[in-house]
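For clarity, chains are labelled A, B and C in written order, and residue numbers in each chain start from 1.
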Amino acid sequence: MIYRENGQFKTSYLADQQIFTIAQDKWFVLGLIAFAAIGVPFLADEYLFRAVLIPFLVLALAALGVNLLVGYCGQITLGAGAFMAIGAYAAYNFMVRVDGMPLVLAMLLGGVAAAGFGILFGIPSLRVRGLYLAVATLAAQFLCDWAFLRIGWFTNNSASGSVSVAKLEAFGWVINTPVEKYLFCLIFVVVFALLAKNMTRASIGRQWMAIRDMDVAAEVIGIRPMYAKLSAFAVSSFFIGVAGALWGFVHLGSWEPAAFSVDRSFQLLFMVIIGGMGSIMGSFFGAAFIVILPIFLNQFLPFLGGLVGVTVSTAGISHAEFIIFGSLIIFFLIVEPHGLARLWSIAKQKLRLWPFPH
Amino acid sequence: MTNASNAAPAAAQGGRKFGDVILDLQNISLRFGGVKALTDISFNIREHEVRAIIGPNGAGKSSMLNVINGVYHPQEGKIMFRGQERKKMEPHMAAKQGIARTFQNIALFKGMSVLDNIMTGRNLRMKCNLFQQALWIGAARNEEIAHREKVEEIVDFLEIQHIRKTAVGALPYGLQKRVDLGRALAMEPEILLLDEPMAGMNVEEKQDMCRFILDISDQFGTTIVLIEHDMGVVMDISDRVVVLDYGKKIGDGTPDEVRNNQDVINAYLGSGH
Amino acid sequence: MGFFIETMLGGLMTGMLYSLVALGFVLIFKASGVFNFAQGAMVLVAALAMARFSEWSNAALGGDSLFLANVIGIIGAGIVMFAVAWTVERFVLRKLVNQEGATLLMVTLGIAYVLEGLGQTFFGSEIYSINVGMPKDPVIMFEGLIEGGVMINKEDFIAALLAAVLVGGLTVFFQKTSVGRALRAVADDHQAAQSVGIPLNKTWVIVWCVAGLVALVAGIIWGSKMGVQFSLVTVALRALPVVILGGLTSVPGAIVGGLIIGVGEKLSEVYLGPYVGGGIEIWFAYVMALIVLLFRPQGLFGEKIINRV
């Protein structure tokens, strides 16, 4: 009976266009953010920050970027990892080559660089779609894999091929401990999620969705396909690029091109499919799911094997992971293309009517 | 073209005034590979009139609309828009000139709500850039609200208030057709192209749709080009009719003239009569 | 000159192998409109099954008859591929009739993951070998024509021949038989094909089986060349530009595309590679495909795509 919109009347279109049209939703999400910012640092230990929370936040940001492109604009990408790499390496180069470059600015510039390449590799989308576009994005992936491995300039001619950032400092705040890293990522994620939400509820978001749902009709009502598609590529790549910079700078600390391989691209796409295409919330669900599942399997499968007297090898666990991910992808695409986010909204719908069934 | 067709029957439609020729199609020919879709077709469209295009299946009616709004590019012929020759243009440029349309097989954005679908029609008139929208600051927010008001007017006009937040994919056919019309109306077009707006509807839905079309013509003065199979409807609501058959024009004039045109009768009933 | 021709011939033969994988892509796309990302996983599973079955039966037979063991291996792998085809149709494709291409594409990514996981769980994840008696020694050819002659790997040569035969056979199958025509109809429009009485489900099982067998042949050849291991799945990523270049719907396109990519890769690696640090094979293929894509979206031999309203 708590979750009801009864008595919440909207008297202006402004009120009707809020992000959360039901007050309880608003308080729930605000509460969640407050808890993440204040409560979590007291509760979580270092392992949790390093292995779960920070990867979750960064990958959620990247998944959000992928979702804008795949879920909202309907353009498939298999090269998200490449744009993460561009963001990370561009930010790195801004840091080492420009004296006194502030950390946050470098990361944003990394995102801008990724956006530029996003536009470049999005150009084929003006002529082709579906699979053919997937190939164009794969081209970006393999080109980047190669470039960051073989061209010394990008890694500042580092002998080992791996690069690292010495000191993280933003606005006088030195980011050292896992908690600080976590909070730093959290700020990025909250701000970017808000920006994404704003875009999707405004004209640009409708243009993307129109292109996704029926591109010919979209063009007939005056949407320029070029602008809509390329802006989706740019914004999406910007998000992914910033996430890449966070992944390299904050999560890994020092990294090699393999951190942004084609497997990463697939992983991000899976997050979007499982979490829910065309849903901001879904990106978070998907990222959480994919970060937590392997950890869970690592604990649970040996335990399960112990019960029936079988030793489960590490390889066995990783195979199980493959099978489960694959099956879930198939399951969600067949049964629920809107993913976990859809299940969430069904749950909310039920809650609204509770305790009555209809 | 007969003289009678140029002397528009203004009195018949409650005193609406027809303006000048707004769109003049001259000797249009369109081919797909070896297939001739349209052959040497000329006719014009006057401001504020309801102009119908009729003809048997495969006569080239939809192709004609596609030529008008830039989806297809004819190999020969000229299109004069307000007396100026129109260059080869893409559909979104035609939209910018004020040409809107609805689709034969509804082409709504299935994943979006009714409101959002109609809001897309306002897109051309929204000026805020991506950054303003991302930040949802003053100008972008005000613009969004101003256009929302406009869209609500259309929602009222088409009597679809109760479904404004429903996803269009979940709507019955007749309502989808209305939303399709709403989206085109949201563009505040000068010329509205309707591709079989009444196909597959029952009698009541047809009556509603006719009423909307005539109201649009009356209230907004929009020029309407209409493809329709239901002869009763066409003869009732249109001012002038052009008849196509096998990609050629076989008749043009007021409903009465067309009704008595021997070529048209042959085309519809077979030449044995 | 001899070196150039050697490089080129080497490229042609690798290209033939790419064609073999590309063929699997084309077959499934033609028949179901699905771009099957799992083709690489199918190659892996087929090769794993073949390698392990023949290993096991060889052990059971006491190592007497390699030939018999290989036959058992091939039959076993064939049965596995049939099972894969049937399962995929029954539990996945049947539920996705009339879906968009992009969705189907992502589904096959899921299938690929499942196959990779299952295949390695059943057959193990070490490196295995396939020995079907392919000659390993190189021969010198064209001695009369060019000074010093051209060195060719016999294994590559036989593989290329095999691929060519398979391709010829499939072309005839598609163009001349009624099953082939049914497959093409299904690819064009699921519903329309159904409505003229083509059994959708049976057609899909058939075509996935054929693709499975093509994967088996590719798996045996690649596997005997470089060992059966997980990296076989990347063969699919290598063959992807091939189908784009040749056109998704064209069997001859897969061949010509394979040859172009094979030769292009080798030449670029040998002549361009040293200047930019090497390792450019894979992206060079993709960039070649991308350029073709920009000018001819349907590929060199594909059917033209027309937009309708």
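As a working rule, a residue touches a chain if its C-beta (ideal position, glycine included) is under 8 Å from a C-beta of that chain, and two chains touch if they have at least 3 such contacts.
Labels paired with UniProt names: B = ABC transporter ATP-binding protein.
This structure is a prediction, so every number in the text was calculated from the model and none was measured.
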Per Cα centroids, the chain farthest from chain C: B
Chain whose Cα mean lies nearest the overall Cα mean: A
Averaged-CA centre spacing for the pair chain C and chain B, given as whole angstrom: 49
Rounded Å distance between chain A and chain B, as computed from the means of their C-alpha atoms: 42
Chain centre separation in whole Å, for chain C relative to chain A (CA means): 33
Chain C residues counted as touching two or more neighbouring chains: 309
Overlap residues in chain A, where contacts from two or more other chains coincide: 216-217, 220
Multi-partner residues of chain B (at least 2 other chains): 71, 103, 107
Chain A partner contacts - residues on chain C that touch it in the complex: 35, 91-92, 95-96, 100-103, 105-107, 109-118, 120-121, 125, 237, 240-241, 244, 248, 276-280, 282-283, 286-287, 289-290, 293-294, 297, 307, 309
Complex interface listing, chain A residues touching chain B: 12-14, 16-17, 195, 198-199, 202-207, 209-210, 212-214, 216-225, 231, 235, 278
Of chain A, residues touching chain C in the complex: 74, 76, 123-124, 127-132, 134-136, 138-139, 142-143, 145-146, 149-151, 216-217, 220, 262, 266, 269-270, 273, 315-316, 319-330, 333-334, 337
Partner chain A, residues of chain B touching it in the complex: 69, 71, 90-92, 94-96, 100-101, 103, 107-112, 116, 119-124, 126, 128, 130, 133-136, 140-141, 143-145, 148-149, 152, 183-184, 187
